[in-house]
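I've put the structures underneath this note.
Next, two complexes with chain A in common: one pairs it with chain B, the other with chain C.
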Partner chain A sequence: MTSTWRRLFALLAVFGLLAAACGSDDSDSASEAEAETVDFKIGLVTDTGKVDDKSFNQSAWEGAQQAAAVIGAEVDYIETEASKDYEANIQLFLDDGANVIVTVGFGMGEATIAAANAHPDVLFIGVDQGQWGGVIPNLAGLIFPEDKSGFLAGALAGMLTESNIVGAVLGTDLVPPVVAFKEGWENGARYTNPSVKTISTYHPGGIDVAFGDPEWGATTSRQVIDQGADIIFGAGGSTGNGALIEVAATEGLYCVGVDTDQWTTVPEAQPCLVTSAMKLIDIGVASLIADAYAGVMEGGNSIGEVGLAPYHDFESTVTAEMRATLDEVLAGLTDGSISTGYPLS
Partner chain B sequence: MNKKLFRSCVTPVAAVALGLIIGAILIASQGSSPITAYQAMLVGGLRDSDALLRTFQKATPLIFGGLAVAFAFKAGLFNIGGQGQLLIGAVFAAGVGFGLDGLPMVIHLPLALIAGGLAAAIWGGIAGALKATSGAHEVIVTIMLNFVAGNLTDWLSSSPWKDNSGDRIIARTPPIEPSAEIPTWGALPVGFLLAILVAIMCWFVLERTTFGFQVKSVGFNKDAARYSGIRIGVITASTMAISGMLAGFGGAVESLGVDGRFEAGVNVGLGFEGITIALLARANPIAVIPAGLLVGLMQAGASRMQFKADVAPEIIDVIQALILFFVAAPTILRWILRFQNQTDEDLKLGVGWGSK
Partner chain C sequence: MTSRRRAFLWVLVAVLITLIFGFYSINSGQTTAVLAGTVRAATLLVLGAICGMICERSGIVNIGIEGQFLMAAFSAFTVTSLTGSLALGVFAGIATGLVLGWLLAAMAVGLKVDQIIAGTVINIAAVGLTSFFYDRSRSLGVGKYSPIELGSLADIPLIGRVFFSRPLLTYITICLIVLVHIAMFRSVWGMRTRAIGEHPGAADTVGIRVLRLRYFNATLAGGFAGFGGAYLALEAVGAFSRNMSGGRGFLALAVMIFGRRSPFGAYAAALFFGFATALQNQFQLNSTFDIPTQFVGMLPYVVTIVVVALSGLFGSMRDPAALGQTYEKS
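Coming up: the complex of A and B.
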């Protein structure tokens, strides 16, 4: 028995040595601080997702990095493992003396408002967090006119469809941005093609499953194809991605992605992916951080930019005429002469 | 040193040590310092009252979940339904927590706890009763009931019990009444004390009562138990009900002591961790407490570890999985540590499989 004890201790000793051997670079924070850095710290807390999620967390992180590079500031992130940790993770950056804290995602809205109220000297940027309950001077909510993004994509779809039927496979209507995408998409298609028929389907599940159900997305998109649709909009996390991939399996059909340029994020969908209805989260985050650094960031809602992703393999499919129409639509949406039929609430 | 105690400790301790060592190698291979990482983890889970509070809060559902699995093990049953039972416990405790008002705390709080425990006991009892009457395997039934529980609680929190104030987007119940809130004393959540109390009660029931003897007899040798007049069906059904109730208490404490409401999607995975805890504790109800605290500490410190040492927080899951692997495969440990043959202390985890 004593020999077993000895082996156990030996094991622990090895562990200690190993850790000591690997643990020589304690001064990593000092080496990171280079000559041009200024005393400005940016922190980013993700939703229960990863900074390389190929979606909104990643876009926000890229924006924060761009801003940090321009300013010469320190930037770091924390990936949230469980939604119960939102407050603790924001607190880590507060303890660290961060000047700006970016929180990503609708789910962090309440925790961000609480932190902003408790720490008026720190600036907060809440991505996808509409500030409808009153303006907090040190909290900017970055929101996007998804209806405009959807409208542009729909306008293109209305011109591309040959069957005169366009489909949409969507996350839950419990989330306003998804509804905005859908309404914009349908009205956009009708704008360029008044005789078009639209088939749009929301995932029937709750907010915790509606964006993570690629099988439902694929099945539903198959049904929409069977009803004659030849271009399908997939909007709703991996549920939407499942729809895109299903469309890609049939030759001659088109699909439209959402949020980011899904050409790179969902390569399986490349055979059908004409474009994506984008929210330019990175640009929005970067410009808000720049405002924060300059001391001019305003509380309340900040409206970000939207647009269509590059056409990639479909450059020749989208004719010059179509592009001209899209430019007109974009101009109309921007100056307000075209309405998406879905007011930003 | 008590020889028996030593023998039962050596496998889990060695498993934890090995898990941390391999974790350290993985951290080092990411280009980070394992010392900085583990130090940050400890600081993040122990440094001040906030950190301790987080550790205790994380440990509480783990202890309840561990007790649920451990109790079922004693009767040779493998309860994989901890997640579903926890959700049922959480939603019904919240239901009573927000649905009734004007009650004094001494009535409201216990009532909400009992509602959660009782609902989860029924949920677990379904699997036990099916096993007792038709022989349906509890592993299959509890797994399937997890899905039913997930959808049932989703529906409850997005339709009839939905909070219709404010944004109205999130599927969650209204906040519970203050009279149903489990208080926190400084860094010590009362829910954690409750978990310890329940662990001691589990030990007492199993080791000092006739019922506990019957449960263990069924787990040890079903045929001998039947021959000696123990009603296997009754024991099976009631063991699963108790197991479900224990997991349900974990969910109830989350709703009443941590979240302040039930919200779909925030308790994901909590119930499954109970299996790790029970295995690490070798199905001993008292040992479930330190096992839950250890994993709770790792989870509470994970964010800080990520922050200070640039380590992906998943490393904690990897270490947990490694520990589970080494506990479940003691042969590998024995080969590494060259123990003497100690088969007498091995946990019979396979009893539930394939037995009628």
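Coming up: the complex of A and C.
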């Protein structure tokens, strides 16, 4: 080490000491400094969608990041390429000594249950994985009443449609949340507009492709538009995004996004995007991780929040009257006086 | 083509037209929507099939179409989003396809790598590279290609909506199909291409430069797949998402075989696959049958297996004799 380097190093050390000395006066930064050293690892395994799918997996990942930032924990993710890799990817985090493992997606339910049973000392959070087969103390299933979210969006669609036809282009019916969205959407539209005709279609492929096929989404969306639908619900990863963008290509039509506020995630759809039927996945994941860190996470089902995204450019399209109706619907759904027609099994 | 088969084809076409007009008279809206969806879903498939056909007719197996689609879609999307020009995006897509076609030739013809492996390399590289470089905050910025109505042609009932109010790239595709068909079966290039795929040794003895033509054809074919990728990103969807080609490059190979390695045949096969998709959507939209969607979704594949198996039985469909073989001057 040359003398210049030695001097620089000494200077750096002095600054470091100074910084630490100043910091100790401030309780906030002290707790931060403490938090940074927290030995808590969070791992997130995506479904076959990607962590930047602009919808579901991305939302969960953002939630995990938020929680990690608050706690000061380490957080990392693994993307699942094929459904056969679920176990292997969970195992990677187990080997890495993760304290909490978040698995995203209904498809990973079985693998998560198996892992939770085999590793009682590790906490698991399964997004969209209803725990109906008995409570496992170290596994919380974060589920959402998607039917309510879809019902609200459908209620709005029923009021907005002029052709009296509303359409839905969906991922696969192999995934219950997608079915819940669809049933809620259709029944919501009928609730505000009894004469409405609902036309909906699912992707014909398996879980592996149903959420990653924007071309099918777009082509199908066009087919639905050609049959007179003037408001279309696109629900199913990038398949649904393709449907939304296709609607945006024709003027005067509306589209409704899913899971997150797709205004920001799919800017191409802005010309038609009235709102999105949201599941507040990020908030749900973040609060469960916080519980896990505090040692109070409970096993079994944890019900997350749902709601409609802001209307953005369509603030004036959605009239005060419509908003009043939506508020009534929301109140009815909350107190149970309105049924979405979809059973939360 | 024997006169008997020709007669059979005409009968088939007549039956189809009768059926279409029958349905049209019952429910014009739905018939139009289904057929429009059919043509749309067929476009990407036929472009991939033409790519595969040019390669296979020259004796090269190209299973890298999927990767060519994906990489071309990616570069078309990126260039359009950077420059704001759809046309530049299309050129970027074609250029990417050409480069990948050349790469396939370099591996399969130049280095004499196993052709299946060469294609697989392209597919795997495409998924990895596009995922790595994909910037999710990027959007197309401009609207995708929108339909152009061809004057009074677009006013013809049914046909006008199905064929003459399409976006630009679909029109170009239909022109390309005709062009390649004529070139493949009526031009010197086509004859030489078929010669090097059937019997490269014989072709060599009459002075055709086998390796050079194979290089040229694989590169050219890549251009078609590249155009397909640009179509996918800039016309069909209007965005890029990871792995968005979703297996259509492989489906294109089935379309090519089903279509007997001719562009017209491939288009007919692609329309058939597209029709199956549109039809199963329509069944669901009408809630006609309560059968699993996956069942209708698999029908075209089952039909392909049956057709390929049957035609194998009758010996009417046969691979080019030198398919998949490397050629070395003796």
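Criterion: the second predicted complex is superposed on the first by the 301 of 345 C-alpha atoms of A that agree within 3 Å, B and C clash if a C-alpha of one lies under 4 Å from a C-alpha of the other, contacts with A are read in each partner's own complex, and residues count from 1 in each chain.
Please note the rule applied: a residue touches a chain if its C-beta (ideal position, glycine included) is under 8 Å from a C-beta of that chain, and two chains touch if they have at least 3 such contacts.
Quick caveat: nothing in here was measured; it's all calculated off a predicted structure.
Of the two partner chains, chain C is the only one touched by A:V224; chain B is not. Contacts of A:N241 after superposition on the shared chain: chain C is touched, whereas chain B is not. Of the two partner chains placed by superposition, A:N138 touches none, neither chain B nor chain C. Using the contact criterion defined above for the overlaid structures, shared-chain residue A:A82 touches chain B, although it does not reach chain C. When the shared chain is aligned, chain B comes close enough to touch A:V175, but chain C does not. By the touch criterion stated above, A:V209 is placed in contact with chain B and with chain C alike. Legend: residue contacts after superposition of the two complexes on their common chain; A:E268 is shown touching chain C, with no touch to chain B. Of the two partner chains, neither chain B nor chain C is touched by A:N193. Overlaid on A, the two complexes show chain B and chain C touching the same residues of chain A, namely 205-206, 209. Residues 1, 4, 7-8, 11-12, 14-15, 18-20, 22-26, 28, 76, 78-85, 88-89, 91-92, 96, 106-107, 109, 132-133, 174-176, 205-209 of chain A are the ones that touch chain B when the two sit in their complex.
Those residues of chain A that touch chain C in the complex are listed here as 50, 52-54, 167, 172-173, 199-206, 209, 212-220, 222-224, 226-228, 238, 241-242, 245-246, 248-249, 266-268. Of all residues in chain B, those touching chain A in their complex are 3, 6, 10, 13-14, 17-18, 20-21, 24-25, 27-28, 33-36, 38, 50, 54, 154-155, 157-158, 166-167, 169-171, 258-259, 263-266, 268, 299, 302-304, 306-307, 312-313, 336-340. By the touch criterion stated above, chain C contacts chain A in their complex at residues 29-30, 32-34, 36-37, 40-41, 44, 131, 134, 136, 139-140, 143-144, 146, 232, 236-239, 241-244, 246-248, 277-278, 280-282, 284-286, 293-294, 296-298.
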